[in-house]
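So, here's a batch of structures to check.
One chain, subunit A, appears in both complexes that follow, with subunit B as partner in the first and subunit C in the second.
On to the complex of A and B.
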């Protein structure tokens, strides 16, 4: 009897929590697609608001995609070799470097943005370009790439693989591209998904670092929340969901197969 | 396998340049700027001496603490429940609970407006039922709900991961020895989950302290530390004050995450 009550109260809390998280999302999607949210669905469905968002804010969508892609390339080029070096070295310096590398995640974006503005705000060309936002995104996402790749590389006998390859005459460069990268692939993929998702949704840094000509999607969203009617803001949010949800699904699916693979190995 | 320090250096070079030029150097600059105002180094105490700053600090810490505790209680019950009970649709519930993980703070602010704003669901329902419109999105309650919104998915993931590893036979043993359901939870289940709870609680706390987007969207008269810094910077154009406050803010979140990591070896973003 006691256990039954416990079961149903836990179930009720679970459903309530799900409702808390999901209902506002559904409402927002509906608001973006109805003619007049105040009157409700009976006022009719329309794509008018989505089209209006596309006309008004299209540039922010393309810019966010561009920044995410550039951010991905930079974090790959800088992050994968760094993770490899950190996986090889057991020295104190390597650990200190690792700590420094992941530090930006522990500091609020607001503080990092202020620091960047203080230091580089005087370089007008740089300050006015989207590269300024990109720098912030790279700092914020690089730790995720490094950690993700490092986690995979630390779980395999990397030294043995490399020794085997070296004894067969493979040079350093070849070992990196033919041994390290393929083995690190699950980590690279997971890290890449994370980097792109975080970059597209990043607001705290972007809001401080943007100029009227370099608005990203979340910056545009904040803009529309403050100045547009609810239906337009909702339609814009809907566009954001459409961009981010496939990435989230991929991340969840990937997490599941990753977990399955790990337990299979065990 | 020997790797020369030269090749190690080359591998670390791109990341080192990025971190040095765009993080270490600007951070040092920020600390210096913080002390560059009229009061000099004393600016770092302004968070305690200036009443407006002190109030914002207290509000931020209290809010984050309450959010963390609430998120821990809800997520522990829901997380353990979903790990222990598999029924049709339970996987779907897990997906829905973890989806908001990557929503930025601004979007969460907007979702809270959808829920409890002027045209929100709660307002409409309460008006139909009681005749008076319940609107609390733009208050501390709204902020609390917003922070809870981005905290729950994170904490639930940690709790579920920890709960999956639990040895259920321990609980059965305790029960067979005559322990009540409540004692099993208090003496067996919670101690086993404790490391994960402390770690994810610290992450949740740090994230809440540093969060900006949600408060920014809900705005009006909410004074949390992030908003104070933003106001000092934009309206007051008081760079020294904004810098010193953000250094303090960074120290708080870093300390919380440091504790989290030393307890669990895990790290999650301070985004939101």
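On to the complex of A and C.
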């Protein structure tokens, strides 16, 4: 009897918490779909605001996706070999490097952005292009890629695979592509999803680094909150949701299968 | 089993002053040694004796100290990395690639173009097929590595190592991770395989039974130096020192002293029948448990020894007793005796004349 009471009160608390978090989401989505937010649902539903967002801000959406993709490519090309080198190295410097690599995560994005502007702001073309934002995003997301790949590489007997492949005549490059990359794949995929998600949602850095011509989606979102009708801003949130939620779900799914595979191996 | 020739014929390996230091400490003292073409050489010793380091120097995974040289058929390969040496290697942990099937693992060494061998896809497939059949893992060909048992994994590892027809096959404790029965089976199989391939092979182990069964010659190592090199028979019957005598097989070290007449064990007055004392020294007489002759209690014989049976066991093919000598020392003795000795019995015996090992110790 007592157990039952405990169960139901726990359930109630959980539902309450979920509701506390979910209701604003629903409100926001509804706001983006109603004709007049102040009149409420009875004013009728419409896609007008979404269309308006698309017309006004689609450049920010494309730009965000472009930056996220470029960011992913750079973090893959730089991050995977870096993780490989770190996993193989036993030197103290490798450990120190590994620690410094996570600094950009700990330092506020605003500070990084300020440092970038102070240092490179003078290069006009660079300052005005979206590549400037990209640099900030790479700085911020690279540690996530390296960490994710490194975690997988540290959990397998990488040294032994390396030596076995070498004994079979595979030079460094072959070993990297034939053995390291395929075996690091769970980490590479998890890291990739993380990088894309973080890049699309990144605001602090982007807000400091953007120019009126290089707005990203979250910057545009802030802009619409400040200057547009609430309905338009909410519709914009809806668009953002549609982009980011599938990525989050994929990340979650992937984490689960990764864990399941790991425990199956034990 | 299909006969498969090695690509480059058999390779002779010469090691010249091969030494290795880690952080100022020399873990391998300079070794000079020639491994004949087609020979199976076993590096035997307790852990930390330098045997694995020596194997890794031969493979190219470790580079030796300056002044060392490794020659394959007279060609200096000291500075060649492992991927250019065309060696086959079998690891204790198998080190099979989990991202590949059995078939892909076995075929991997054929895709790297080592040994200047360029095979067409059809040739590669045929070679892999041969290997799978030879190692009797054909039905596992398309399985992934985590679906295999330990013994199966070791077969795959062997097939993978020999598929590219390496100049030399290096095996680093390949059976240590397996259970006892499987180990015996695979040991015999590896033996037959090495003979049929006629490949130069170097086999590292700490298990003396494995060394005896596989080696044409055995190199006994301890603390970074070679103690003895010889055939299994030489190592067993003519150990050069106490370390080799006690590491290979069981050895009794009877304490006493040498006189003009022969060896007088502690607690006894008469010398035992032994070879001439001039060849021996120290204050021990070493012999194997089975190099004795049991004597009837009533029978009187010159140079016989006697003690009291402490424990007795029947091992199937022979009896084994632990006998306490008058001096209080215990000896382990073996033989196929007509009557089973029992604890408390008086056990009378004579050491075979040829059975005394040419080793002794003086620090008792």
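One rule holds for everything that comes next: the second predicted complex is superposed on the first by the 257 of 266 C-alpha atoms of A that agree within 3 Å, B and C clash if a C-alpha of one lies under 4 Å from a C-alpha of the other, contacts with A are read in each partner's own complex, and residues count from 1 in each chain.
Definition applied: a contact is a pair of C-beta atoms (placed from the backbone, for glycine too) under 8 Å apart; a residue touches a chain by one contact, two chains touch by 3 or more.
Everything numeric in this text was worked out from a predicted model, so none of it was measured.
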{"item": "Clash or fit, subunit B versus subunit C on superposed subunit A", "value": "fit"}
{"item": "Partner chain(s) touched by A:221 [first = subunit B, second = subunit C, both, neither]", "value": "first"}
{"item": "Comparison of subunit B and subunit C by subunit A residues contacted", "value": "B"}
{"item": "First, second, both or neither for A:84, with subunit B first and subunit C second", "value": "first"}
{"item": "Partner chain(s) touched by A:166 [first = subunit B, second = subunit C, both, neither]", "value": "both"}
{"item": "Partner chain(s) touched by A:178 [first = subunit B, second = subunit C, both, neither]", "value": "second"}
{"item": "From subunit A, separation angle of subunit B and subunit C (C-alpha centres, steps of 10 degrees)", "value": "100"}
{"item": "Subunit B versus subunit C as contact partner of A:142, first or second or both or neither", "value": "first"}
{"item": "Overlay on chain A, subunit C to subunit B nearest C-alpha distance, Å", "value": "5"}
{"item": "Doubly contacted residues of subunit A, that is, touched by subunit B and again by subunit C", "value": "163, 166"}
{"item": "Interfacial residue positions of subunit C with respect to subunit A in the complex", "value": "59, 61, 81-84, 86-89, 91, 93, 95-99, 108-109, 112-115, 146, 160-161, 164, 170"}
{"item": "Subunit A - residues contacting subunit C, complex", "value": "156-157, 160-161, 163-171, 174, 178-179, 182-183, 185, 265"}
{"item": "Of subunit B, residues touching subunit A in the complex", "value": "1, 3, 7-8, 10-12, 14-16, 18-19, 22-27, 29-30, 33, 74, 77-78, 80-82, 85, 93, 95-107, 109-115, 119, 121, 145, 148-149, 152-153, 180-181, 206, 209-213, 216-217, 226, 229-230, 233, 239, 242-243, 246-247, 249-250, 253-254, 257-258, 267-271"}
{"item": "Interface residues, subunit A side, partner subunit B - complex", "value": "2-3, 6-7, 10-11, 13-15, 17-18, 20-25, 27-28, 31, 37-38, 74, 77-79, 81-82, 84-85, 88-89, 97, 100-112, 114-116, 118-120, 135, 138-140, 142-144, 146-147, 159, 162-163, 166, 172, 197-198, 201-204, 207-208, 218, 221-222, 225, 230, 233-234, 237, 240, 244-245, 247-248, 251-252"}
